[in-house]
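Down below are the structures I want you to see.
Here chain A shows up in two complexes: once beside chain B, once beside chain C.
Coming up: the complex of A and B.
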């Protein structure tokens, strides 16, 4: 990565951060976020099932969810999620194409590993991803929605991880799954099968048709369902189950004595040690403790073990604030 | 190959209700509009970050939305890429995965279609940008296709013109593009995706002041006797888009001049801050 800051500039930033009170060049406190702008729905990506654009300072990420019907194996039984992060060439204008690809792959793998369905081993029940992928099932063992979560980093002015996860969370919360019902094939009754179409009137034909193709009302339990059809409802479908449990990331930029949140591009270079913490919360109202979903320690340097657990706890409070702010904006709960 | 939807019905209207020569609604956002004009201490968006582009524009022709960002003129990333007597122009085209339109799932960086689009834009602007004024430097143009509904190339060219204008890069003239097609004998302007699939069409990029054509792109067969009619009407339509673009540029420049004179004196700056709080 091309060095954009001189040693003097870096030391200036670190010295002012570690002074008392800590000073940041844009006047924020150490744990203040920049203004978070949110746009969602059709104004962002009209062709997607759910989409959102998050802008934090100069960092801008668009995420969109598309649902596509896929044939699934009997043992799989639920929908899958595929994540992909693309970085626009404009996001990293000072990097070569190969370096941009590396960043893309890093972010994709982080997202994919967070969002792939796993069975949790504790007593709390299933993880949010398995709850979510169950709600993507159309016909158990046969057809399910595959969720394509595409995120595009349009520009990066620091703290891209947090913004990426915020955008993905907002897009998933904005997603509506089209309502489906199973269609099953019923054996035509004896009386109707002996009649010929030509002999009967038009009304009888319709009746017969309705007899053969029965719509299984209890769609999910219809064992003999042959196919599915889309319900014609006024809304565009239901929300994804467990969407409120969708995770957020909080990046702590760690200095020996303190940490800062939402670092700008310059601060990220001066404070290279980043701790990305990913949390999921059941609901904010119950005040239940969050689930810790992932952690990445990025950049050179190290954190003492004793210090780490404190950071994880503090990260949880920040994440909780972030989630509740987003929930208010997205009108969840 | 007849489609169920009539391209041009008996009343002279197209499938989206436009008349033959009617353009789609043109939406132009010049510069970074999401950046607040007033100074806000708690929003660092008011101080541009080092990765911020020097010029940017978003152009929407109906449902087709394309943005362009210009970086430079700046020092080339690779020293060996510098040309001693002029600037090097490089265009990269990216397509958002959910932009729709073209068949096929995802188009990455090495995709042929995108490279072709980039090459077309590059060759269009190489003759227009005064590259001789910026020796040993590089001008990077990034085009992002946000939504597609036909006329991607025309939207890309128009947005690049505006972004270069916003960046203050010297050009001999603007380049304005429009697409046109022929439905039996009727010429249609500014085609949608649906219309593009059903008739021979071309994209023309014209420098309106000199009347020179810098790009003519056609991927279908069109009889030579019909070509002239299509071409002439397209060249005429370009002036309409040019006027629209110029009005946006002058509006933006006026607001920039106003904000410069606003913040000229320290007293006025303080007044601006008070307004924020």
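Coming up: the complex of A and C.
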């Protein structure tokens, strides 16, 4: 797709959108999404802990989550998340390398700022990021999973923010965290040799086994644990805690009288203002409001403050519907 | 509002009947040594022939003593020269082709134009219609106001006039039918789907004009009546180079959307795009009472392709 639109094309798109009824160049309604294609799991990235690929129209994003063990400080105390977005050169063939870098950095910072836990605005420790990072802790104050979230924009035919967040959400929901068990070196009550606490040997007597069980449980909190071991192989494990809260983005392309969702490349260029809203929902079933996690206003256009609050509310409704549609696909209740 | 689907291949190539292939079988008396003598379709690496007397053209390589294809496409033979025309490639221009193109840069005395080719095309200031009469020499004042004719992003319809030494094409718009495009929208399709026709300006029965650029850019716009065509009675630069759209009513806009979606579906299933196929498909959509958006669904699109390729 070409980079520019002629003035006649722009005015054709705008006039069609503002006519009654509003018409889009492919006949969709203003808030209709294109068909969302979803693939996840081993078919996308077999070596990742969780992965997903989303295609909306010609926009395609692959996201993958990889967990790695990291030594952490006592103050930090919990797992972290590192986000990175790469744009395939084929996605923006008309842009120079520097311009592509800018887009990558932009998207990376948007993801990173959304997903990294910020203690300041999260007073009760109840947000998605804080719940998630707690569940990534292996040994408090010593070891934790670092979550590497990598996304690749394979092609961009408009609405890249929404697709990026959808792919990331699907990948995070697909992630399984390997179960771990803390082990410590304990002086056995009988005998002289040290033995690993998590071990279960056939020759152990019942009394000793009970002791070991106790130490293993206690060591989770008592910072005496020396190391940890995996309970199952890498493919297994539990879902990430709080994964249903993982946020989605909804982009409203704002015209003075109306807005459209899921704009194509041409529409994005014709419409002067884009409003990216990022929402997280605790549970869809309850009528609880979503948590507002971020917002970006892109483009040269302007919007009055009074109008903006209405847009944000509508954005929440769309985000809620999008999340519930995705949850059905990801089998999240 | 939000619909999900399992992710499959993006474009499912339509496996049509043999008569849909781009090779006209009657013109070719395939030697038995050539593969694909039914469809003329070859895959990369596939041996085309082991007879050594053939010459290897584009899209082929010597695999030992055999000639093999480097690309997926249709086999073409001119006397002893074998070549494979790729299914997917950039537009390969020929002189006289009608193209729809977009200005990317304004340079001294020329415009750089994107025509979906391997290189940007060139439109010289001397090969456009200048205001105040068709045949006149360009002046310095014309050079200074080149953006008044075409500016970056403008779409135009032009003809391939010549080639430069490096293979870039030179365009011209020295006809009243050529020039700036307004009142419609662009669809991009693979260039191989646009055959070279008698006329690429098609007035469809539904009252929509379609310009089938051989380079794969298709312009769908409001119908302009023959006698209302700009510049018929004397050349009017203001209206030829205007950026303003005419008033277009809702039913015309809907028809434009329907034609756009029909062209997209045809391209998705790799059916060649001509005024006949578009008219046929459009009639099917109207007859079956589908909304323009229904064509975005796979089952409706498949039914459409079935309907127009069988008859």
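Quick notes
Quick note on the criterion: the second predicted complex is superposed on the first by the 289 of 333 C-alpha atoms of A that agree within 3 Å, B and C clash if a C-alpha of one lies under 4 Å from a C-alpha of the other, contacts with A are read in each partner's own complex, and residues count from 1 in each chain.
One rule holds for everything that comes next: contacts are C-beta pairs under 8 Å (C-beta built on N, C-alpha and C of every residue); 3 or more make two chains touch, one makes a residue touch a chain.
Because the structure is a prediction, the values reported are computed rather than measured.
Steric overlap between chain B and chain C is present once the structures are superposed on chain A.
Applying the stated contact rule after C-alpha superposition, one finds that A:97 touches chain B and leaves chain C untouched.
Shared-chain residue A:66: touches chain B; no touch with chain C. After overlaying the two complexes on the shared chain, residue contacts for A:27 are found with chain B and with chain C alike. Residue contacts after overlaying the shared chain place A:4 against chain B and chain C alike.
Of the two partner chains placed by superposition, only chain C is touched by A:16; chain B is not. In the superposed pair of complexes, A:302 makes contact with neither chain B nor chain C. Of the two partner chains placed by the overlay, only chain C lies in contact with A:36; chain B stays clear of it. After overlaying the two complexes on the shared chain, residue contacts for A:45 are found with chain B alone; chain C is out of touch. Looking at the shared chain after the overlay, A:322 reaches chain C, while chain B stays out of its contact range. Of the candidate stretches 27-35, 99-107, 117-125 or 189-197 in chain C, only 117-125 runs into chain B once the two complexes are overlaid on chain A. Touched by chain B in one complex and by chain C in the other are residues 2, 4, 26-28, 32, 34-35, 37, 55, 266 of chain A.
Every residue of chain B that touches chain A in the complex is listed here, in rising order: 34, 40-45, 47-53, 63, 69, 71, 77, 92, 94, 96-100, 106, 109, 140, 142, 144, 146-147. Those residues of chain C that touch chain A in the shared complex are 1-8, 10, 102, 104, 114, 151-155, 180-186, 188, 243-245, 248, 250, 253-254, 257-258, 260-261, 264, 291-293, 295-297. On the side of chain A, the complex with chain B involves touching residues 2, 4, 26-28, 32, 34-35, 37, 45-48, 51, 55, 57-58, 62, 64, 66, 84, 86, 88-94, 96-97, 101, 148, 150, 152, 154-158, 264-266.
Against chain C, in their complex, chain A makes its touches with residues 1-9, 11-13, 15-16, 19-21, 23-29, 31-39, 53-55, 266, 318, 321-322, 325-326, 328-329.
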